[in-house]
């Protein structure tokens, strides 16, 4: 993907999946532009060059299932933005590169965005180590880098002024928001099961004090290596007096994990609460998951269409192409990563809002874009923010939003409780706005 | 080798060094960045080549040396705020030390066993990095602090200083390996590769020389890892994983094992191959696989090796 | 300096209980050409392999230049002054003749170029210095082996079947070479070709079934009834050469 | 959980791992034993077995039992055929040179893995087990009224897991019978003992090599089919399985089938039991270092006899 846009259009005969989608995005935008009033088209024509957003995609490696849905959501969001006239009257184009879920490649991909494919900004990527590996390059390249990672690394101050996370909440706020529900509704004695690496430690380090603060107690912490493929041997470490099991696993073996947990407990299980990460992109009707009936999950955004869903949520789901069960409308077995991918949609809308606030014209305005986003605070729920009302903290570059707790009912996830963003806040750990660009 | 052709060889290598220097000022910014990266990684390949290409030690665990350099330098910066040069030296030293320990054990084996033993040791090193997550930040890795990315007041994260530091390191490694293969020590390494028993019966202590070669190889690989961390600012466990051991093998095989220029050519070629392949397919590692199989089948000598075979027999 | 450069006492080697060498007492005098002969499977190669250090003896002692070398590795013995040429050619096939010999000479330091030129020309390969060793004919590779031995300026040169595969004319040259060498070094020759043995050797040791059968001058060995009978059954025609 | 039931559970889990590992490692060991090459792509054949099981299941769309039996037959055949193809087109042309073969099979590893990613996708997909009922296990207890049985919390296994153990035992016994009693097995062993001699006796060594390579891959695929109802088929699942098989084959003594099976049981069981005492990552570090040291100091393996 090193050629210029004009070449790209003429060379469409060799169009490839990612390229084809970019083209579709463009075509949709062009069609929409034709229907708009003349002045708008004129404005668009003035700077015909589209705004280019580099999208680092987990297309291969362990993050691949997420990458696919992140891309679908992003393409859908841009189709909407373009149909509504683009950004500052310019069309927006997604330039997708595989980062291999690998930090080295992700850093290279950022270089490619900045200097080769002439992207205005970079965006994307979930896995923490990939973000942490790539972020220093973003700062060196002075390339705004909007991540959709849910890691705490942004708000912890580890990264830099050019890296922001305005579209998805971080694990620290998610976890602390769960503690009251856990202790008040499910039980006081909690056993945690989490992957034995950074993402799991975020859960361990944040949940334990939050549970204590809420009057409960973490009775055991069981770390499981991320490469593990069989889990039954870890379950005996769960103390007998456990009232709640809190689980969060990622990677290809998540289904095995949940299944074996069910087989372990049989009919006499404690209350079970999990982060949906354990089952993201996994069909709840998969064999072995029957036992999850009646257990609870954190969801970033509900996977199943809720009865009381507002119209903008329905519109969002239709645009992305997921059915009432959160699976692809074209393939019911292709389950989405609904709890995370909304972050791409919202981030792209924030980029639009930021660029318009900064009157973004060219890459010279990148700094102004960062400052414009830093100045944002409240983000009302609506078509741009279908997951719910949020507040952005410009100092920590981190957004705070609602958290959903859903119960498996008749094989579907039904929202049982919603935690508003006010209850997920925590003291600032960094002030990026004091750092130099 | 007669003096005249040696002169041409030196001219070729110095010429490459000069061209790379000049490219800093003319290349578009993306390719300049790529080349800086390739030069630093080519140093890793040069290190690997000394063990594999010249001494015949087919290791499947060199990522542990690269990782030792990366973490040795990065941790000094993260925990002690050490500046770039001493941090780099610590990293390089850590790699040399690790190579000494691993070599003392692994060199008791040969051939297939050596491959597997090095693979296992590297795996243990990788897991150790994960295990001591409190210090190493485990799987996430960490960003190298700015203070460690400064050399004599120059910010190494800037485009030109980074390129030039990479160039200095690469040039030093390239010319060192050119010198080494002509030096008596290097020639004995080649003799060991060709026929270890015969070399031993010429009175050479082959065990110690292999160990020496592995330590040099490990130190150079670590020098590359340390520089990589300091220049590009990120230290992570994936660099110590099995795939990066395979990469070194791949680059050297592709460029030509046992040639001085091969590691650079292989690294450069493979980088652009993958860079272009990602535009065509998500499964770009497929290209790596096809290249590996193709090389073993059709060009075991690699690119520079084929040049030597067909065109320039005295190319070292 | 003792007259005996190398000796063995009670040297034995067995493989899984199979006796390959048994209780060999052997002495090699300085500046002699000593031939080691015996029928196939008599244990000649096992014996020299222990001398040079490629095999560990099961029991017994090897003394070289007055020093017990039984526990030393091969390279240490070579450094002490032994040199060994392989029975099956074992040159560095991908390297040039020059580099092959230079590798042998370089360990000693000194004027390597002159040493290489001299060693190659002594075996008659002076004109082939630039050729790749693996491209040489088999006979020439054997000569290259000898040149590598010479370049080490050894106190003791062990030649394992050096004339195997050589043409008649080359054998003649080889004989002349060895005669010339006798003044500067000691030579232990393992050889099948009886004409070479009889012409070159000052003394001969005969091995049979892993034990010393006889020892003496060529004349004495030639007349020994024991040796005759040992060779009659197995390789009697060898003795007729 | 009390220590006794915990240990029993760890042993049961270890036995399942050991069963699958023994099958897979036997394939690796067979290939190394007869052909003297290390097949680094072996883990990918295991993965292909699992993926094929999913493919067969979804194409047939019959009942769980029929699907599973079909997968058990078809997947090893398909994977074995692919391996034979790889042998004929690649390994044969390398003359089975040990080092070049390793490099080529590393290439093969990436090719298979990435093709699986392209064709099958990045998801972990499940296959329904033919039967799967939870079996709670009792434990003895000395209570006031003497010895009593009770069912501890969590002490259970499933009928399918027990089936995997039994199936592996049967398959390994069959393999042993095949190698020792059948003519084909005899030919394989003759080739293993001395390839040149075998050629001299008119054994078509090349064909034997191709079939052995195919059979080794088929064993890995079989292991993959058996495991997929417990785990799921995923395109990256071959890596860890390969590493474990390496460990087993090395500990068991390269090329010795009996040693391989013993080592698989040892490694599988200890994996379950070590996790009782150590943190899992530390256990893995210790295990890998141990394997490296075994190769360094006892290259014939723990159970092998030193070759002269």
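Note that the chains take the letters A, B, C and D in the order they are written out, and that residue 1 is the start of every chain.
In this text, a residue touches a chain if its C-beta (ideal position, glycine included) is under 8 Å from a C-beta of that chain, and two chains touch if they have at least 3 such contacts.
These figures come from a predicted structure and were not determined experimentally.
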What is the shortest path, in steps, from subunit B to subunit C when you may only step between chains that touch?
1
Farthest CA centroid from subunit C: chain A
Nearest to the mean of all protein Cα atoms is the Cα centre of chain B
Averaging C-alpha coordinates per chain, one finds the centres of subunit C and subunit D separated by a number of Å equal to 52
Measuring centre to centre with CA averages, how many angstrom lie between subunit B and subunit D?
34
Centre-to-centre distance between subunit C and subunit A (centres being mean Cα positions), rounded to whole Å
77
Within subunit B, the set of residues that touch 2 or more other chains is 130, 281-285
Which parts of subunit C, given as residue numbers and ranges, touch two or more other chains?
none
Residues of subunit A engaged with two or more neighbouring chains
60, 196, 225
Touch relationships between chains, expressed as pairs
A-B, A-D, B-C, B-D
Quick one: which bits of subunit C touch subunit B in the complex? Just the residue numbers, please.
52, 54, 73-76, 78-79, 84, 86, 90-95, 99, 102-104, 106-107, 148, 152
In the complex of these two chains, what residues of subunit B are touching subunit A?
28-30, 33-34, 37, 130, 133, 137-144, 157-158, 232-234, 236-239, 275-276, 278-285
Subunit D residues touching subunit A in their complex are 1, 5-6, 9-10, 13-14, 16-17, 114, 117, 121-124, 126, 128-129, 132, 134, 136, 153-154, 156-158, 230-232, 234, 236-237, 240, 272, 275-276, 279-281, 284
Show me the residue ranges of subunit B that touch subunit C in the complex, using the header's touch definition.
184, 187-188, 190-191, 194-195, 197-206
Residue set of subunit A touching subunit D in the complex reads 60, 62, 64-65, 67-68, 196, 223-225, 227-230, 232-238, 240, 252-256, 263-266, 268, 281-282, 286-288
